[in-house]
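One chain, chain A, appears in both complexes that follow, with chain B as partner in the first and chain C in the second.
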Partner chain A sequence: MTVVEQTGAPKTTTPGRPRRRPSPLGSKWTPYLFLAPAALFILVFQAVPLVQEVYLSFTRTRLLNPTRSEWVGLDNFNRIFGDPEFHRTLLITVVYVITCVVVAIGAGLAVALLLNKKFRGRGVARALVTVPWAAPGIAVALIATWMLNAQYGIVNRFLDAVGLGVPGGAILDSSRYALPAVLATTIWQLFPFTSVVLLSALQSVPQDLNEAATVDGAGRWATFRAVTWQVIKPTVGLLALLMTIWSLRRFELIWLMTKGGPVGATETLVIDLYSQAFDSKELGSAAAIGMVGVVISLIVIIGSRLVARAVEKGEVR
Partner chain B sequence: MRRFRFGVTARIVAVLVVLGVAVFPLYWMFVTALSSNSDLFADQPRLTPDLGQFGVFVDALAEGKAAGWLLNSLIIAVGTMVLSVGLGIPLGYALSRFSFWGKAVLTVVLLFTQMLPEALMVVPLFALFRRFELLDSLTGLVLVNSAFVLPIVALILKGAIDGIPKELEEAARADGARPFTTLTRINVPLIAPSIAATAVIAFFHAWNEYVFAVTFIFNPDLQPASVGIANFIGELGTPIQTVMAVAFLFTLPAVAFYLLVQKYVVSGMTAGAVKG
Partner chain C sequence: MGNKRAHFGIARATCALGLVATLLTGCGSDGDSGDGVTKLTFAASTFGDPGRGPLLTKWLDEFNQSQTKVQVSAAAVPYPTFGQTVLTQMGSGKGPDLVRFDMPEFEAASDAGLIAPLDKVIDASKYDLLKQPDQFMVHDGVRHGVIFEASNYAMFYNADLIPTPPTTYEQFTSTAKSLTKGDVFGLAFRQTEAEEAGVWQDIFNYVYGFGGAWSDGKNLTINSPENLKGLQAFKDLYDANVIPRGADAATFRRMFAEGKVGMELNNGGYVTATRGQNAKLNFNVAPIPFPVRKQGAILAPIVINEASEGKDEAGTFIKWALEPQNQVKLQEILGASSVATTTQRSAEALKATPFLPVFDGLTETSLPQIVLGFEAKTPDIRKVVVQNVVAALQGKADLKSALDRAQQQASELVR
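So, the complex of A and B:
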């Protein structure tokens, strides 16, 4: 079950056989019969709402009277980009996303390398390590909030015991520690996924090559870079893309732990957009903020495609 | 020889630390649920569950609204599972076996939808739901959750069908089977493990979903457990043991099922994203 196998799978069309047209599977309408119900569904619940949201971002629309929209052109975008608080939101989003990507992949790789060695009970260890990924976000937010509770939380008790206690203990109410705490919780939930995916990528590292490098006197680090890294590089790239997109759209964990607070210290784009819509009741600005997020995601996706293509061609190593 | 031993010990310690970090929060949820008040607020917290307190799980289900929440979550999750897999199988089949006009666009749309935050879509969907009187209904949540999980379900199933040799279908077709029959008789049984994995993904997508549920449901009797549990956060009226007991009952099935089909879920999710 390696990722590599999966990516290779779609290419297994029978080679050398000329494609027959028209499709031997039935009339040319057959595929549309199969996909129509699902496509209709996605059209109604995803495509149409998205188009409406794009429209909203160019209007002034209030939550209390949503049927009356006033076209304001680029006003919403001008306003949010001129707002220093939005600049901070963008900065926090970038910090949040990059930290999630780097630490989740780094920790996942470390755990994958650790669990890749043979030892007794490895199967159990591999299963247990995925527990955080399987836990519902709501439950994670709840237990994290309880563990970080200022008075009775186990984290504060532990930090106090080792002499690192936060004054007053209210980690999630501190503009300094709230973001690290939210990040730690996020990464706790993400690292099992990255480690399981990397673990399966590690299965395709040729062991004889590793041994050959070691016999040739290459150090551990050199062997890792020359052999292992070359094999898992595409998987790391894929994970970086997934982590970026997931982190850009993550909502409930942050919302339930801090609501973006204290004073905006954990306010990412999605949190900002939700509070614009439902606290400030400004649907137009909310949509504009959402569009900024969508455009960033698109840039990341297209950029990663270009990088991947360049790597395939050997222009970038 | 000595260095070797040291390496092994260090690795065992490292593995135990990682497992401790992975499991501790849920363990702590369990311990908190099974703590007496005096243990909970003592200077030295109790680090092991007090099994004498086991009644808290029974009470949590019997007294409060927790049983109703979990039942609502179950209804939404089963509905989403049936609908999204039911729609995902033919869509995956069409994407795998046919070439048709619009296929590239459809594939891009399926990948694109996975980057849209629920929080962005909640406003236009609210308007849509109001118009079609889907607010305050579990059916509405089934529909919207199915739409959001459908792309990944379809992409995973497409990948699974790609892996089946076409010759099997050609043989069936030579015997006069129609496309729909080929799909249900030949492909579906062969991709059963992937169908099971997508069913689990869809089920727990809906089981865990929060944003739509909290925005579209006003009637407390229709609230799913995700909303009920989220409302506990920052609220002081309910004993923390009850809160943790309900959260634990909500978490346990998700963790148990993921562990069962983890292999397929993880490879499926990466495969679904690969072409992005």
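So, the complex of A and C:
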């Protein structure tokens, strides 16, 4: 006779056979066991370096003698906040992040709306759109640099042909055009991700609600605002948060294209941090800049949580 | 009972993780092969040079074949990140045993105590060392390096485009202007912040060639009238559009090899690479035609890492490298560069490269591209100066204000 216990996980016992020992998966320790590797990873690779960074930011530490630190209190913070070039770096970071987030989500939404319609070759178009996102950042930066090369670059040839050529062709070496060029490359790589995520959100919009809105005489814009936007809004919020954090941290693309130049025109926080640490070899100042980045990230995360909560409560529409 | 088993499972998992971690930490190497042979690494960006790298590796092989207790292997680190990579390693007490540095990084490493003194390793009086470059190897009476390569800057010109090289700055400017047509440029130099070290090397020739200097040995003189004059000449050429603006060194050197650039100021180390890009290029070399015969030189010392466990063995390699026959071989590999000691050029080398004496004749008037009196701070001063000069080129400030600003910022750095 087989007895099936209905409480907890189903268990099967067979008379005459030895009882199977209970699975440890049912233990109260099981969740901790599963969480342990991730917790250990975060502790070793995130928490320990973060604590060390906090300590470094209050010291004068040189890269060439990293074991010899001198406690300087708030000196590093006073110095960076008293430096007008750091204010410019903060401004460029804000411009870079906001442009990346707004344009990448805007372009991604436009493409997602297009790809959500039925047309011939839609599957191929959906696959092609993901290519820039799939390309490695380093390859994208190098190809963009070549395309923007003052002597051989195809972009200059094109701009010259349509009468919009930059004098000398040196787009990446112009303090006026370098940031737009870096932004264009970044957004080109980012928008496929936002479009794919938003496309999946659009596919969850109930079709009957759209039809009902149309029957009620709502126009396209009103339908989008009243139905589609309400469904995809949480996804857009999540994307905005992710894009903000990623844009704050983006290094390789900017570094490979301009190294933060010319004349600091593309110097964001992480580029400044790297320059301080490895060019100027001042680990203390670099850590202080890193702490500013951490604080900005925390503000963004907490701010987005507060906004999300307010939306859930209906305080914000 | 179940809990005990679960605890046991967790303990097993923890042990397994610990074992993996222990195994991973044991993956380092101490450089000793265990058979009594000390294995050393020698890091130099030149090992990656297309023309010279393989020949230098063969030269190392000759050393290895001559030894039973020491073996040296090449570590090629790309030039743009060489200083940063190796200094970071050395700062953390690791890194290669032997390093070929450029001067700014050599000075920074020396100041930080990362380089082993060489006085007990080699007896310098035994060798006929070239005095002018060798004087920069000694700090406060302590020898920290030996010249591995010294490359003087001169004017490379395309002999098909320029049959007679200019001998004055006015001729130099007019030649550059007259050659610039279509996709051919009269001149090329580095002018982008992305090539900070390269811009510094290029503007150095203009500053010193017009009688200027970055310091008087005690104070910085970045905004002196002579420096302003030299850098104004540099900016005038930039503004005259006689250079391929925005082109990095790799691009404009390829253009030079293709006959699309008439002149460039470059060091002797680049002769082999130019031939490597286009063996048929008819180019020649002359002294830089600026008012004062003073120009930069790439001095590249070989040093021993203070953290190396094989300092004596590394010294064995340096002594071998300084032997006359090995210096001759090294000089032939390096092309138009000089080595540590006075060495005669072979008849074959002079036949293949008739302008070698031009480079050799510049040794006494060549200076390393460091800020004298502030050697260890050179990378920091370089950054400030280049940023401000590029800002002036970009029209963000007039040149005088840019140099005044650089003077102020650099003075704060060295205070």
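One rule holds in what follows: the second predicted complex is superposed on the first by the 276 of 317 C-alpha atoms of A that agree within 3 Å, B and C clash if a C-alpha of one lies under 4 Å from a C-alpha of the other, contacts with A are read in each partner's own complex, and residues count from 1 in each chain.
Basically, contacts are C-beta pairs under 8 Å (C-beta built on N, C-alpha and C of every residue); 3 or more make two chains touch, one makes a residue touch a chain.
Keep in mind it's a predicted model, so treat the numbers as computed, not measured.
Asker: Counting only touches as set out at the top, which of chain B and chain C does A:119 meet: first, second, both, neither?
Answerer: It touches chain B, and chain C stays clear.
Asker: For A:111, is the partner it touches chain B (first), chain C (second), both, or none of the two (neither)?
Answerer: First partner only.
Asker: Regarding the shared-chain residue A:215, is it in contact with chain B (first), chain C (second), both, or neither?
Answerer: neither
Asker: In the superposed model, does chain B or chain C contact more residues of chain A?
Answerer: In the superposed model, B touches more residues of chain A.
Asker: Can A:196 be said to touch chain B (first), chain C (second), both, or neither?
Answerer: First partner only, chain B.
Asker: Just checking: does A:30 make contact with chain B only, chain C only, both, or neither of them? Give me first, second, both or neither.
Answerer: After superposing on A, A:30 lies in contact with both chain B and chain C.
Asker: First (chain B), second (chain C), both or neither: which does A:47 touch?
Answerer: A:47 sits against chain B, while chain C stays out of touch.
Asker: For A:141 in the superposed arrangement: first (chain B), second (chain C), both or neither?
Answerer: Touch partner of A:141: chain B, not chain C.
Asker: Using the touch definition from the top, say if A:162 reaches chain B (first), chain C (second), both or neither.
Answerer: neither
Asker: Do chain B and chain C touch any of the same residues on chain A, and if so, which?
Answerer: Touching chain B in the first complex and chain C in the second, residues 24, 26, 28, 30, 32, 37, 63, 66, 152, 278 of chain A appear in both lists.
Asker: Please give the residue numbers of chain A that touch chain B in the complex, ascending.
Answerer: 1-3, 5-7, 9-10, 12-14, 23-26, 28, 30-32, 34-35, 37-39, 41-42, 44-50, 52-53, 56, 63, 66, 111, 114-115, 117, 119, 125, 127-147, 152, 154, 157, 188, 192-193, 196-197, 200, 235, 238, 241-242, 245, 248-249, 251-252, 256, 270, 273-274, 277-278, 283, 286-287, 290, 293-294, 297-298, 301
Asker: Considering only the defined contacts, which chain A positions touch chain C in the complex?
Answerer: Per the touch definition, chain A meets chain C at residues 21-22, 24, 26-30, 32-33, 36-37, 40, 62-66, 149-152, 168-175, 258-264, 278-281.
Asker: Over in the complex, which chain B residues touch chain A? Could you list them?
Answerer: 11-12, 14-15, 18-19, 21-23, 25-26, 28-29, 32, 40-41, 45, 87-88, 90-91, 93-95, 97-100, 103, 106, 109-110, 113-125, 127-128, 143-144, 146-148, 150-151, 154, 158-159, 162-163, 166, 169-170, 173, 178-179, 182-183, 204, 207-208, 210-211, 215, 226, 229-230, 232-234, 240, 243-244, 247-248, 250-251, 254-255, 257-259, 262-264, 266-268, 270-271, 273-274, 276
Asker: State the interface residues of chain C toward chain A in the complex, per the touch definition above.
Answerer: 1-3, 5-7, 9-10, 13, 17, 84, 87-88, 90-92, 108-109, 112-114, 183, 191-194, 241, 244-247, 251, 255, 379-380, 383, 387, 390-391, 394, 396
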